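The structure under discussion appears below in the form of structure tokens.
When the chains are written out, they are named A, B, C, D and E in that same order, and each has its own residue count from 1.
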Amino acid sequence: MEVTVLVHATDQAFRILEEARKRSTEILDAAARLTAETQSLRQKKVQAMFKGARQTKVEAIRFVATFLIMFAFWLFLSGHYDFFHISLGLICCGLVSHASYDLLFANPRQGDMWVIVKRFILYIPWLFYQIALSNLHVARLALGPRRLIEPKIIKFKTKLESDISLVALANSITLTPGTITIDIKDGVYYVHAISKKVAEDLMTGEMEDRIAHIFMEADHVYVQDVLDVAPIFGALK
Amino acid sequence: MKAIALIAVLMTGGLLIYSIEGLPDWGDPDSPASTHVSPEYIQDALEKTATPNIVTAVLADYRGYDTMGETAVIFTAGIGCVLILRKKRKGKGD
Amino acid sequence: MLEYVVSKFNFWTYVILVGIGLYAMIGKKNLVKKLIGMNIMQSAVILFYVSIGAKKGGATVPIFMGDAHAAHGHGIHEIIDVASYVNPLPHVLMLTAIVVSIATTGVALAALILIFRRYKTLNEDEILKIRREAGV
Amino acid sequence: MIWQLDLIICLFVIICAIAAINVKDLLAAVIILGAYSFFMCLLWTNMGAVDVAFTEASVGAGVGTVLFIAAVNRTKRRSKD
Amino acid sequence: MMTKQSDDVIVKTLSRLLIPFMQIYALYVIAHGHYSPGGGFQGGVILAASLILLVITYGLDNTLRRMNEKLNVIMCSGGVFIYAGIGVLCLILGGNFLDYAKLSPLLGVGIAQARSLGILGVEVGVGMAVMAVMVSIFLDVATGGLPSVDALEKTSRDND
């Protein structure tokens, strides 16, 4: 009888202990979760703060960059370099960059700007060479027999992504005589070409490759670099 | 209507052609318009207003009152355009 | 005869343009065409004024070049040859006239849109017919 | 101030004016009016009135055409005469 | 509709790149009206043209966020006010109306220079007024009298 009571008592005591342990672990868990939540919340807040700071920093960089470009343009236009006109220029550039700082650099990628500018300047002579070539071709078409002229609209999908490279390619195509960009819809170009040769030249995709190389977009940029390295390896062997 | 227009145009054209007789030749430096006040403007503008562009000097300085009237006319035209065309907005009007 | 026409050809152009504008304003039925005629007439009058101020024989635009300005700054007053600059007065008068003409064109276009909103047409005859039927 | 050039531009101006009032499509008429303004601007540059030409190039050929196009866009495009 | 956002990538990108240069050119034309062709009227019209380009390519609500109607009205009447105010300032200083020579003791420069500066101030006023009036007329004509964001949908529904 007493033994059973004792056993019963110990059993109950163990159960109570067990419950207490369980509850304490629950409480501990909850506390830990709570701290974790607050931590993550605080982290998020700090991140947001940093993000806001980055946002303002990006905006400040845009503002200053727009201001500098505008001021260079003003100095190029003005031609009067005394104190009065320079201060007028500063005021005007401040006004313009305050009004439209988010237009000139809508989605900037910092760091590689200089590379893009350098490559773009190197691209211009090639473009002029192409324009001269197709000029001669169109002149021959105009003077030659009529059957060579086969106007048609060609359609190709591009691998370019950013809108500035799309516009650069479209304007390069339009600047070259014989081809005109009609429309761009969802990365598909609709181009009017005046003859077969012009269309074939366009479909080789060399111009697109060069534009992609300028704006550092597609994979073949690296392929080109590798191709440049290949003859050196051959020489080493 | 076309006939009336043609008659009106011909009559006006005839009058204008008749008046061409009395106008000076094209590009005549001694025409009455070029000898009355404009020589003074050309001679005085740079010295008295420090403005090399004579047109700007005459526009804003010698005839500034005239230009103010023109600006007021443009302002009035803008207000007139708004008053003619602006609809009353829903919810705000009473 | 040819010399007579050539010596005053800008005035002939002015007469022809005024005729075209007047014809469009009276004879054409469409209201936008009437406005275009009004614009042509305004330009013709401005052409008349500007060509009165033109000068033959090496006259340039009425802007002093950099040398004259520098000379003025150093206190040297050179005699300015009037015959070598175009008469600036008609330019001043016409410059404001152009801007005022565009403002009045804006008011006219506003009235045009109002007319279209009410009568659903821009033809003069149809508008008059609608008004007559309405008994106005 | 070359009078041959002036004569040619005057001819262009008259052709543009006649075309502007005779075209049935109002949008085309408005664009031709812009071309008319531009030829007028060339004529005035040739006569030495650079300020007036500048004003006409920005006002007549620029904002005026835009205003006309906006108005035609809100009303009817076809015209009977 | 001319006041909807355009969906052409070429037009949008190029106008985005061009509009700041147009604006700085317009301000240059206003500020250098003394030395080269130009002045308040032309510069104001070019400035208005840049805003009109913004309306055509980026839509009305995008533009009104930059330049709302209240600012437009303030600039419209402020330009005329600047012009008349300079004239009245000359009147107060003892000269005739718009006699800029009387401004020379106030500005601390010679008489000719004071007249030049007076011309500049007047040109700024004219440019502001012309710009605001041109933008206002265009918005009224293009939207048919409802140039505000909440009213846009109603107009397009009326038109259909």
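Things worth noting here:
Heads up, the rule we're going with is that contacts are C-beta pairs under 8 Å (C-beta built on N, C-alpha and C of every residue); 3 or more make two chains touch, one makes a residue touch a chain.
Everything quoted here is computed from the prediction, not taken from an experiment.
Farthest chain from chain E, judged by C-alpha centroids: A.
Note on interfaces C-E and B-E: more C-beta pairs are in contact across B-E. Central chain assignment: E. Criterion: smallest distance from chain C-alpha mean to the mean of all protein C-alpha atoms. Of all the chains, the one whose CA centre sits at the greatest distance from that of chain C is A.
Centres computed as Cα averages put chain A at a distance of 34 Å from chain E.
Chain A and chain B have centres, each the mean of its CA atoms, that are 51 Å apart. Chain C has its Cα centroid 8 Å from the Cα centroid of chain B. Distance from the chain D centre to the chain E centre is 24 Å, each centre being the mean of its Cα atoms. Listed for chain D are residues 1, 3, 50-51, 55, 59, 63, 67, 70-71, 74, each touching two or more other chains. Looking at chain E, one finds that residues 35-37, 39, 41, 45, 130, 133-134, 137-138, 140-141, 144-145 touch two or more other chains.
Those residues of chain E that touch chain A in the shared complex are 8-10, 12-14, 16-17, 19-21, 23-25, 27-28, 31-32, 35, 66-67.
Residue ranges on chain E touching chain B, taken from their complex, read 33-37, 39-40, 76-77, 79-80, 83-84, 87, 97-98, 100, 111-113, 115-116, 118-119, 122-123, 125-126, 129-130, 132-133, 136-137, 140-141, 144-146, 148, 150-151, 154.
Chain C makes touch with chain B in their complex at residues 7-12, 14-16, 18-19, 22-23, 26-27, 29, 51-57, 59, 62-65, 68-69, 72, 77, 80, 82-83, 85, 87-92, 95-96, 99-100, 103-104, 106-107, 110-111, 113-114.
Residues of chain E that touch chain C in their complex: 35-37, 39, 41, 45, 130, 133-134, 137-138, 140-141, 144-145. For chain A in complex with chain E, the touching residues are 66, 69-70, 73-74, 77-80, 85, 88-89, 92-93, 95-97, 99-100, 103-104, 106, 163-164, 166-167, 170-171, 181, 183-184.
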